[in-house]
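Presented sequentially are two complexes of chain A, the first with chain B as partner and the second with chain C.
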Partner chain A sequence: MRNRLPAGLAPAVLAVGALAIVVLPLVGLVQRAPWSTLGRDLRAHDAFTALRLSVVTSLGALGVSVLFGVPLAWVLARRVFPGRALVRALVTLPMVLPPVVGGIALLYAFGRQGFAGRILYDVTGWRFVFNTSGAILAETFVAMPFLIVTAESAFRSMDRRAEEAAATLGARPAYRFRRVTLPAVAPALAAGGALTWARALGEFGATITFAGNFSGTTQTTPLLVYLDIESGNEATALALSLVLLAVSLVVLVGLRDRWIGKV
Partner chain B sequence: MTLAAAIGLTLGNLDLDLELDVDGTAVVAVVGPNGAGKTTLLRALAGLLRIDRGRVAINGTVVEDPAARLRLPPEGRDVGVVFQEHRLFSHLSALENVAFGLRASGTPKAEARAKAMEWLEQVGLPDVARLRATQLSGGQAQRVALARALATEPAVLLLDEPLAAVDAAARAELRHLLRSELRRCPGARLIVTHDPIEAAALADRLVVLEDGQITQEGPLVEVTARPRSQWVASMVGLNLLCGVAENFRVRLPNGAVITVADECKGETFAAIRPNAVSLQRHRPDGSPRNVWPGEAGDLHVAGDRARIRVDGPVPLIAEVTPAAVAELRLAEGGCIWAAVKATDIETYPC
Partner chain C sequence: MRIRLFRLGVPAVAAVLLVSACGASTKSSSSTTTGAPSTTASTAGAMSGTLNVFAAASLTSAFNNAKTTLTAANPGLNLTYNFAGSNTLATQIQQSAPADVFASADPKNMQTLVTAGLVETPVTFARNKLRIAVAAGNPKKITGLADLAKPGVTVVLEAQGVPAGDYTRQVLASRKITVTPKSLETDVKSALAKVTSGEADATVVYQTDVAAGGSKIQGVTVPDADQPQITYPIAVVKATRNHAAAQAFVDSAVSGDVQKALIAAGFAPPQ
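And now, the complex of A and B:
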């Protein structure tokens, strides 16, 4: 008889490995953090500017995503049209596309020499590049799929019978949507919105490629973290990283019922 | 308040093809076996399902006519629907549910709530006004659903098996409430049910729907006394035979002959009450002219009555006493003689 490990030990050991990969970097971040100078580091001009810009752009991206993404999710869930599967695939593409590639793609579309950007510039004088709106567009490109996917699934899986009942009570589509559909999907929309916002807040690749890296206009927090680390300004980089980590944790805890509570 | 519909529509295996008129004078029950198209018909009338052919008119106004490319959505038709599974809005209170239709049509909030409260009182539930739909019992939820549909005072009120999802304890009370509210409601009232007791309790007229077609319609008493399909006959507990009559004889397709009391001619139904069938082990002598041999089949004893199937040239269900079951050893099966007096056979043309 060979000696055998107790049943279940092997997976447990491997599971600890997985945990180590995820947790140890966070430990590294926290133990190197300049706790004593944290407040001062965050109030430094560059850091504060980047944080403020991040709040503006990530909320902007969330707003644009809600404005355009929720209707698209509704159409995908409720309307049958040719090419729907293709549209659905295209919409989710940014979730798997390397963000840098997304940034380059945005450049060729909405950059000043991009086919759409040039027309826009010629007609209105508006440009996305080197402009805060460019950062918002880049973040939206990367983050909106999270909202669309969540919202579409909610629109698709909600109980349609209540909508039918509302129609027989004389409720027109807009009223129905507001008083029956929206309340039914609200929890899912909130969760999708939180994910979208968190993703937009952490966006790096597409933003730096498309919008550039200019303090006050396009230099969001992740961009500044990278710049600070590269230029040896470790304290600020760590302080900002902690902020981003804290925000991520808050979002996760807020979503715990949806993502971690359920088994 | 009138509903006039001619409906042709195909849905899966179902081909619905019928004409239906409902006015404000009578509560109409559409009855029929499962899968006959009852719910499909109701959904088509409400505008929840598109019809392929025909037209639907409410109070003389056409609301759907595929040939004219006309179709009003449910919210454009003056209909109210009580669904089988209440379908209350789970995020709203009972009061807000009842007020929903009024709010949707632009009634100010306070006024809508006051009216909704009156309707809740009307269905005997003023105490649950603040409760969420999810906190109501099945019977309460269906009452609130009824109040919600009535609150918009629709020209046409449609009810889809309103008692089916309610537990037995609450059913009798809800049936009673439905009966009185249906009497009060001024609109055209149509109730869909597979339960003949429900239909008998709630409706004045019956429309029998089988396999997408109307097989019989008329006043409740007429339909139940003179069924024109096996489904109706079995629902009301009658034996129904169909044959060709000549003088006082009805010849069944298999050649068996029934002697009847009324002179009739042509294709004729013969309806026989199960308790008019008497059974004996030996061929009886004497007066009855209708005596047929058969095989004693399935036996069901319920309380002080027993029903047994007799398979023979004239297939019948006979109702006998439990004492007769024992005396004739009916549970053992075997050959049995069934006798029916001619005067106990109701005949009417096919």
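And now, the complex of A and C:
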């Protein structure tokens, strides 16, 4: 039996409108790109440094997110405690908070005069601002929620019977987690991790507000794109934008719908 | 079924593109000025209509103070400012941003627009001097440019292409002082904000910025012998739709209400 099309032209036109909103800017980017000088533009003033720094900071943010986010996701999924809903809301907040607001908030907490940063600085001399660790912290702040949300969903929806079977066979909690739970949620964690990494890679507002802007230390690729466009270095900005666009596409195509709901 | 979808999709896409194309053509700004609007000299000042002034960040206080005087004398005037680093503003004007007047913190950024044929002949309307800005109380005991290179002093400067940053680097190079800034900010105001917030110990801005900086900032003098020639040019943007008001603003900046506000803020006259 053939499916019948939905009645009317309206849904199709509106759908195409949505597509246009998303696709036309990408077309604009691609058709203005300096394809012939791409290699040279990417090696030009600070571009390669920014790319390398972005890789370092985004992987660092992913690492921190996994280290702290997965255990939190597990606690949220498996333990019932008062205020759990509030905790869940709080860790999801950076996803909707404007990133520059996040940067300002980070300043007031971890800046040199911030209530936590001040103690850190006085005791250890360590500072996040103007430091690569600050860029990693800013990226973690905005990206970790993606991992927590994906991981919690995976922990909730996995089949618990394998864990129970392992428990009855005498496996300790740590062993169960490592050999039964983690492999079961690994695909979802990989998807969440890819999203987290991509979000960290693209972070701008929190980084420039909190960490600062200096080549090699805190000037990640999005910052350099912004500054280059501001000061008329269009070619480098476009070349870097293309790289970021290509990376984002690869991540999304690689995920192939996995992150939307299917685990 | 596939063919039916396709036949529906093609006109849909065409419809969207047509609508967007129609919208685009009416927005394209003409590059020729449409002539002066009817200047009804109903008040003492002849400025009326909308005026967008793109001005270097260091002009913020002075121009805002001037706005009060100008709008009081010219009730028909709707004056708006866009303050940012001069290089940012020059780029925006090259991208057809709707500016009527451009006031730059250095001749270099103005020259970019002169070469591109986007502004009328510029005139110098103010001069300024560099000044080191430190936190009130000067906890790091900074007495001059050489102290900026001391270990343990966190310095931020302005980015490449921002006049204050370029002037500072010029002076440091001529004095053979090597300063490694911890961050390069997009304009003098954000550099100053880093010192106000306590993240940086010092930055170099204009003396007018230190004056406008409030109680959390104090200044350290840069000797006149080290000062570069800092001249601010101003020009009418050729694509302006309010040529009369734009020209009047430029004239006022050279010698009028705007010039008075500049002097009050600590700028030197154009000479």
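Heads up, the rule we're going with is that the second predicted complex is superposed on the first by the 250 of 263 C-alpha atoms of A that agree within 3 Å, B and C clash if a C-alpha of one lies under 4 Å from a C-alpha of the other, contacts with A are read in each partner's own complex, and residues count from 1 in each chain.
The working rule: a residue touches a chain if its C-beta (ideal position, glycine included) is under 8 Å from a C-beta of that chain, and two chains touch if they have at least 3 such contacts.
Keep in mind that this is a model prediction, so the values were computed, not measured.
Room for both chain B and chain C is found when the two structures are superposed via chain A, with no clash between them. Once the two complexes are overlaid on the shared chain, A:36 sits clear of chain B and of chain C alike. In the superposed model, A:130 makes contact with chain C only, not with chain B. Contacts of A:231 after superposition on the shared chain: chain C is touched, whereas chain B is not.
Looking at the shared chain after the overlay, A:112 reaches chain C, while chain B stays out of its contact range.
In the superposed model, the angle subtended at the C-alpha centre of chain A by the C-alpha centres of chain B and chain C comes to 160 degrees, rounded to the nearest 10.
Chain A has more of its residues touched by C than by the other of chain B and chain C. Contact with chain C, but none with chain B, is seen for A:13 once the two complexes are overlaid on the shared chain.
Legend: residue contacts after superposition of the two complexes on their common chain; A:214 is shown touching chain C, with no touch to chain B.
Of all Cα pairs linking chain B with chain C in the superposition, the shortest spans 37 Å.
Shared contact residues of chain A with chain B and chain C: none. Only residues 2-3, 5, 9, 12-13, 16-17, 20, 24, 107, 111-113, 129-130, 212-214, 217-218, 227, 229-232 of chain A touch chain C when the two sit together in their complex.
Put simply, chain B touches chain A in their complex at residues 46-48, 73-75, 79-81, 83, 85, 87-91, 100-101, 103-105, 148-149, 152. In the complex of the two chains, the chain C residues touching chain A come out as 1, 4-5, 8-9, 12-13, 15-17, 20, 85, 87-88, 90-91, 94, 112, 154, 156, 159-161, 181-186, 194, 197-200. Across the complex, chain B is touched by residues 161-162, 164-172, 175-176, 179-180, 183-184 of chain A.
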